[in-house]
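A quick write-up on the structure given underneath.
Chain naming follows the written order as A, B and C, and within any one chain the residues start at number 1.
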Amino acid sequence: MSTPAVAQAPNAHPKPVQRLADRVFSGAALTAGSLILATLAAVAAFLVMQSIPAVTTDPNDISILSGQNFWSYVWPLVFGTVWSAAIALVMAVPVAIGIALFISHYAPRRLAQGLGYVIDLLAAVPSVVFGLWGANTLAPAVQPFYSWLTENLGWFPLFSGQASGTGRTILTASVVLAVMILPIITALCREIFLQTPVLHEEAALALGATRWEMIRIAVLPFGRAGIISAAMLGLGRALGETMAVAMVLSSSGAITVALLTSSNPSTIAANIALSFPEAYGLNVNLLIATGLMLFAITLVINALARYIISRRKEFSGAN
Amino acid sequence: MKFSKFGRVAAVAALAALTLTSCAANESAATGSESTDSELTGTLVGGGASSQQSAQEAWVSAFQKANPDVTVEYDPAGSGAGRDTFIAGGSSFAGSDRAFKDEEIAEDNFAACVPGTGLVELPAYISPIAVVFNLDGIETLNLDPATVAGIFAGTITTWNDEAIVSQNPDAELPDQAITAVHRADDSGTTENFTEYLHATAPDVWTSEADGVWPLEGGEAASQTSGVIDAVTSGTGTIGYADASRAGDLGTVAIKVGEEYVPYSAKAAAAIVDASPAAEGRSEGDLAIELDRTSTEAGVYPIVLISYLIGCTEYEDAEAGKLVKEYFSYIVSEEGQQASADAAGSAPISATIADKSKAAIELIK
Amino acid sequence: MAQTTAAPAVRLSSPTPPPRGQMSNVYASGRLGRWVPWAILGVSLIISLAVFALFQAASGGDFNVAGAIVLTGVLNGILIYVTALLVEGIRKAKDRLVTTLVSSAFIIALAPLISLFITVLSRGTERFDLQLFSESMRNVVGQGGGVLHAIVGTLIMTGIATVISVPVGLLTSIYLVEYGRGALARAITFFVDVMTGIPSIVAGLFAYALFSLVFGPGVRLGVAGAVALSVLMIPVVVRSSEEMLRLVPNELREAAFALGVPKWLTILKVVLPTSLAGITTGVMLAIARVIGETAPLLVAAGFTQNMNYNPFEGRMQSLPVFVYSSYVSQGTDAQAYLDRAWAAALALILIVMALNLIARIVARLFSPKLGR
């Protein structure tokens, strides 16, 4: 990944002097990397091993499946996970970029630090509290709006169906997720925008660019890879979020794109949290196997993001 | 910034509390965490059903006060987790919303128990499940099992449906959609409720008893608290939950035989007496086959029975002694009263209490 | 409309772009005075208030505050765009529109934040007293009791998790950015990516399974909880600090090499300090991410009502687990349980805030003084 000039420059010379401290330091970095690799590989191996019985056993022996096969059980969960996280991401990323820009380029310098801190506060709220807030404060507050949407815009597939009586729909869950991942994306974007080379910005301004044009031609291209990375971190959180979704979402295993009804697909992580305490025997393996599916999803999405970043690398400005 | 000021003050307060008090103020030096680790004292570890948690808190607290050198830990991890941990020998007793099945007992691989000695299973925590609803101005409704099943199955969709009106001629039922709220998580409450519906209204409720809500559709909420919150914050909502949490919500009187029975601790305990013991169980195993279709007078049939499960003979005699004492306290009159006060459970009847005491005598 | 002269060069190079209205645009025929955006905001507010007041009068419902605010925002955007388009031309109009959008993004984010904090503060202060910080829950039924045991547990477990994750995570990101290439670096990146989406309860199960192998079945230890948290924390630390290290300009590294500074010193003295603020932010985010975790701790560290200072022996309570279990199993005296839950949640937020503050001060002390 990081083959650029930094790493190659010293090596280009014939046999640079290797100091002891240098070797110790690079050795430590290598060890840490390998350690992570070992740990994560162990987790992955643990998951795979635990999952195998769930897929290979006869579905009738696993009581949660109640006769259906593994894939028909896991498919609505996969859909719900990706769907809710995608909605959350669509809502959170533009807002996060907006806030990051506001803090890094719009707000008065003295105010900016405090504002950044205010947003970071959101990251400090435990997911249980997000769950309580979403279920008991947000859901009742948005319910009338949902009713209005289904009555007036019901022809639109997303708003079709009978509005939920309590407002605890997948849209509410996604809003809560969006609020939860907002500080992660904002904080990273903000740091990245602040690192934009001042010379680039000044050059743009000197050419007569307005502030927005300066941001468009200097700040955003510089930060593009970082923004995608930040969004992926946020997405990871949204995909794996457990308690908040479990407490907010009224789930029934239906596969539907209707956002406002009380029949919503559950998510993998929330389903594990809801079913795990009462699970025994093979049911535990089944739930872990759904966790493995989440792994696979994260993997695909991250690979996609990496691909996009590497294609855009030449524009990124850094390394 | 107001918050950060607040934060600094709180941080200082917390740090001060941490450094100044070597131990929590309510854990006196004699019974503090250090001495409870010593061998003389003993720690009893159990785990399982979260339905028992408030009751276990009360029992543990009273038991620890009476025996200051003992610490009892109860992990409210869930019945399934509790049973698995007990089988693996990770805990000395389990709390579970169902008794072990015959085949599970037949395998006889309980790590904490001496092989071949069997289990002690006590129906020590009886909790009525109330059918609660939120309708303006209506505090109680009379419903027969078929109507309840129809509401939760989605075949009865408005409050002024003929089936409801005919049983409640005096109530002013609105023309409002019914929102039926059920548990989103896998739970003993759902299992008992669906078992009741399937036993008493098999034509309307065709699904077998299951801890996971078997139907699609309807509103789902996690945990008892979530169901109560959803029913309370919506209107025209109906749900089922632990009766102790019904609070100000309207409750349904269930038709049993020819009369409508509102839930009460006594009526809930009565169904346990009216039900036969499960067959083929060992002497200390008091598992019960609940007779949901009982027509006996004054019986409230929707109850959750949560069991205390231990070994008849422990590999570790110390653990056996602690379990015996602890179980004895739980089934005693004070113990049952403590859980009734703290968790709103129904005290077990004298008959069950006597049987339980006899079973506890077997523990070694 | 005050026509200001072109801003001096000094102003252009200042870190914050000059406030609007001070930089002239030679292509634009005129410009809006400073007061115009504010006036437009006021006008939109009045219009939307009037519209919703009419609605209310017509339908007789409650006054729709949220609707009025949304309409104000939309109107404001449109009016500013149109006005600027007419007076200043399309480029300025776009600029003003973006300014409005960016500012409203901030306000959108503030709305849930304020709502959350009002909820937590109003419910949490009920039991936010000295008893909460001086007692555990041993032998407490119903009212009273405190969360000292949970605070201690949270601090110990999060502390251990941080001590494990930060050095390992930071060194790994250094490896990835400064040394790594080839199959190993790719493998690490691959696994770190996958791990960012791990469901937290699976991390708990993994830690539980790991410790069960060593200590026998049913073991619940504080350190097992810490390991579970580390599994969740490491990927966040690696990815955020990797991103920050990559942003350090190569010119800095090359300058150091050119002066004959060895690579390890370059990393330690040049690269790390330059990105320290960002790395700190990343670490704090990682801590905030795991300190509120419930499920893995319930599985790996168990549940107890008693004080436990020893992460290597016995169960350990933590604040999120306490909050969740208090909410889930409320006894007959439900209010006492809820009050404790909210107070504990407030305490948890305050702890994270305090940690955040300390980290920022430390980062400020050690990071180089930059131009901005």
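Heads up, the rule we're going with is that a contact is a pair of C-beta atoms (placed from the backbone, for glycine too) under 8 Å apart; a residue touches a chain by one contact, two chains touch by 3 or more.
Worth saying up front: this structure is predicted, and the values here are computed from it rather than measured.
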Looking at which chains touch, is this a line, ring, star, complete or other? complete
Using the stated contact rule, I'd like to know whether B-C or A-C comes out ahead in C-beta pair count. A-C
Between subunit A and subunit B, what is the gap in Å from one C-alpha centre to the other? 37
Between subunit B and subunit C, tell me the centre distance in angstrom, where each centre is the average of that chain's C-alpha atoms. 38
Rounded to the nearest whole Å, what is the centre-to-centre distance of subunit A and subunit C, using the mean of the C-alpha atoms as each centre? 13
Subunit A residues touching 2+ other chains are 117, 121, 273, 276
In subunit C, residues with contacts to at least two other chains: 117, 327, 353
At least two partner chains per residue is the criterion; list those residues in subunit B. 3-4, 50, 77
Enumerate the contact residues on subunit B facing subunit A in the complex. 1, 3-4, 50, 77-81, 83-84, 97, 177, 179, 181, 184-188, 210-222, 226, 229-230, 233-237
For the subunit C and subunit B complex, residues of the former touching the latter: 117, 130-131, 133-136, 138-142, 145-146, 148-149, 151-152, 155, 216-220, 298-299, 302-309, 313-315, 325, 327-334, 347, 350-351, 353-354, 357
Which residues of subunit A touch subunit B in the complex? 64, 66, 114, 117, 121, 135-136, 139-140, 162, 164-166, 168, 246-247, 249-254, 262-263, 266, 273-281, 283-284
Report the residues of subunit B in contact with subunit C in the complex, numbered from low to high. 3-4, 6-8, 10-11, 13-14, 17-18, 21, 23-27, 32-33, 36-37, 43, 45, 50-51, 53-54, 57-58, 60-62, 64-65, 71, 73-77, 85, 88-91, 111, 223-225, 244-245, 247, 338, 341-344
Residue numbers on subunit C that touch subunit A, as the complex places them: 12-13, 15-17, 20, 23, 25-27, 66, 91-92, 94-95, 98-99, 101-106, 108-110, 112-113, 115-117, 119-120, 167-172, 174-181, 184-203, 205-206, 209-210, 231, 234-236, 238-240, 243-244, 246-250, 253-254, 257, 262-265, 267-268, 277-278, 281-282, 284-285, 288-289, 291-295, 319-320, 323-324, 327, 345, 348-349, 352-353, 356, 360, 371-372
